[in-house]
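Before I ask anything, here is the structure I am working with.
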């Protein structure tokens, strides 16, 4: 951490700052740039809130040199983390395909889709029971009953299942859910995140639509400090000015994350583009850029879907996509 | 709502779409633009999920012409809503000043600030007990004890108080809190919003950092459909590419909201700029643009603040700001 | 300027870096943060391209502590610059109102508007002859003839005039134009900017729609290094995700600029909002936040305008706005 | 084009609007949505400025249903355009690799790099002689001499060359340059674009850092209306809030463009990421998503580069990248 002080500062103020630095458990070494004092701080800087230092009026700027997180950082586990969900492995060379409908709608719907995506090559089944919807008038999901139906589909197909939790009070319902998803809208709902961390289950943490990579990893750090060990990051597009995609899939985040964290990262082209036609090319791009997997919305009859049908592909399209992704992964392995 | 169909569409597909439209309780009138059919829909379009229609492959685009909300819309209460918090009124010409520390730190701190901001001209006292912090290593607030201290300051000064709720399970603690705040990070935490709506208390709803005005009003609609009546909107800056402010205070949202909703809207220049030096000019701008109030972070000793000291002004600076805002409001009244 | 080096670096590489630093005319002082070397550089850092240093593989980051410009910086003229255009003064307490049509359409149109806005209280007349339009099929301006008509209006009313230059080859036509405008789309057209700087006339430099404050001031620096002295900055909104305004007027940039530069700064609410209804409140906000003037689009018959009629107000609306702005300025002067 | 009118409008105003619509050569068909009149317009809507219609006070909104361009649209050449540069083909299944230094620095530098990238598998040589630099103190390119050196490298290696033009007055210098580049900063410098269109040479049109896909295609339309036929689009990243990449490479734009235009599109991961380490994964992603080529900055000694060394890879790294891209393209061909 590097602090730059303003010019011509008061000795007493500087002393107070040095005391604050010491009280944070940090040591300071000093140098000078064009008349301004530069303090280079050593110690557990990741745990220090820069705002506490920036509050001093003599401070011009505070800049972190190291990550503001520890358990999520690459150096904590340089070889990378391989998440295991039953016998499915994610990360460290294991590519996983998560597929399924946006929302669970009926037993027939979810079981039918589960069977078809398994046949198409998917490893995990996704399905939403609690749906955070922008409008109170949109379908809000089947709730508890949805979870029951998802577990039915799991029993019938043997596929592990992923579902989104939206409130800490739903904890008990997720006992048999294999991967607990924290959605983009809740990426900074820290009360929920803490509770999910304490569940000690695999977690799929989606990026908030305007979260920086660093903020995202700090949410992962919350999970890890609470006891979770198997955290999968999911890039799902960020909000930009461009209207032709619902969000802009930020594939640059994948190699950036590979440098900064040991956690696996997958991509969700469905929510990013909001458009079934663009899912295949973006999936191939995600596989090529080095993602550890994909999460794709699939519906047997998109026109009858109760939510987000426009961004769902059919199981047949998924099968084709799967084959193409495999070619890309094979190409990547030749390197 | 207007649907445009693709060219050369199949009659059967169109029939299925027309059935879906009818099942949504809408009527369609048809016209043509350059060979494409345009369907103009009438009925309670606000309650219809456009994605359900966009899922049809023959649909090229779906565009709302009316607001996707009803209770929050201007037409629901064209004269505007005046929120009453004890004897403080907000909206319809009543300007309110909410001030106080980012976080409640001690009895002495909160009571001292409360007395000083009251003297400076503030109408409500703010103070955070549950703090959603980006890092798990930052001060997380005093929690339950913080609420107790805030109520102490309320008792001592007679000022109504505002505090942020971060989890539905905190409901009971907010029984004597006058205004329940939903923070920017939770603006799309719909489980929390529904619960707060059911508390039937005045609510301060902050804009999410990348929420559109429409998404923000849809969150207000959630509150109103659950039973809340007194909802205050708070513009607190949006995330942009510009690094000199922490967020970009979007003052254009104020006149836009005045056209689209009956709810009062205030501005928070502290969180927007993240910098005490810019709070005064932005406060004056907010008053001039037509905001119904301000929310400003104040700390007696910003350098000792446990959170966000760099964006807090002193009670003395608040007093001066108050006087200047009054001049602007007086100027506005001359029109 | 502060350079942080990676850990465990090679002595030879460091030596090459130190030579490069010396060849840039800078001196380095060294300190350490958690095992990483921090180099604090002194000298004319504003003139050094940080990328040249960032290209060294041992460099982790390069951070400027001082402004990357000199002539535009506040310290170059701490009292502020007052631009004089004939007898109109801009900056240092002088508020100016620039008004006129988006495009010059005919002699009658421009003379008529000129007379009306003068009566309404405007100080300068704006009018576009060369119009950079997003579509090649939109009205592109009257060109040379437009300049002639604008000078006619100047002669009839005595008002100084502002017009946009879009190509260095137009230089001669701007001989009698009082203020040469560089539009948002050309804010990084450095060939044009250099030529305009050499004209040694007052320049109105609009902010690019996605330019940071720093990039904007660097474009001003180009003008100043080429010989211009009277540069007026014009905030005209930045591109964000919010669709209710065409651009988001970034009023935070005004107090930021007041700290960083001596140049006056005005605001253009017409191009920012793209909507006549929002021009008045945003104008009042700009006056309150400390802007040195406004630039507003005015048309006698907006429905007949050949370009941007939707964002033009009538001369009558301008007169009312003028009065209201005056009240705000009077309020500001009471401080 | 679809116009929605406000409720309860005046008959006379509507008549004036209908006259304006007719004067634009358009026909209107009418329908109704919840009491608002909807006008569906037919005719050459691409050539009509929506702002002219939006200026009518009775108009609530104007929405295009068709592209605002014609020559650049997919329907103008549904089979796609194959650009030929000497014997290099771009588009319609032909992948091209453009490589070379950011700036031409010396004969030895450019010839050396040219030879090495040819050996690595590049098809075209890039090199900047006129450099638009954010700071006036940065290296501005060798200008005319740079062009001479680039042509020398072309003569020595036989590779066609690409270089950026920054002012219409440079036209003559570009006589032997094979592809004329319009840079991101000049994507809306329409005076320059018109002149380049008239040169009737292959053009590489970079996306502006905050240009929408539609604005970008409208700039291409300017080129095409002026006589250019061989226009290559180049995605180079857009400005977002994320700081870990200099810009965010928007790979979604590639499939979007494939639907909307017949022009080939390539990607520039160097300028997007600003970081040599991320160029390879982003290049593979661009190849997988369907781009028609890549433009990559290469320098034999990045640490000695006069500009942008941090984003340049070595010729050796290019060779490896080339091989990997080939695997991805082979995988794509299997589909």
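In this document, chain identifiers A, B, C and D correspond to the written order of the chains, with residue numbering beginning at 1 in each.
Throughout what follows, contacts are C-beta pairs under 8 Å (C-beta built on N, C-alpha and C of every residue); 3 or more make two chains touch, one makes a residue touch a chain.
The structure displayed is predicted, hence computed values, not measured ones.
Looking at the partners of subunit A and subunit B together, the chains they share are C, D.
Between the interfaces B-D and C-D, more contacting C-beta pairs are found at C-D.
In terms of the distance between Cα centroids, subunit C is separated most widely from A. Distance from the subunit B centre to the subunit C centre is 32 Å, each centre being the mean of its Cα atoms.
Here the spacing of subunit B and subunit D, counted between their Cα centres, is 39 Å. Separating the centre of subunit C from that of subunit D, both taken as means of CA atoms, is a distance of 26 Å.
Shared contact sites, meaning residues of subunit D that touch two or more other chains, fall at 210, 239-241.
Put simply, subunit A touches subunit B in their complex at residues 16, 20, 46-49, 51-52, 54-57, 68-69, 130, 132-139, 166-169, 185-186, 188-192, 209-210, 215, 218, 221-222, 225, 239, 302-310, 312. Those residues of subunit D that touch subunit B in the shared complex are 1-2, 4, 29-36, 38, 40-43, 45, 60-61, 63, 65-66, 239-241.
Those residues of subunit A lying in contact with subunit D across their complex are 210, 212-214, 238, 240-245, 248-256, 259, 272-273, 277-278, 281-282, 284-290, 324, 327-328, 330-332, 334-335.
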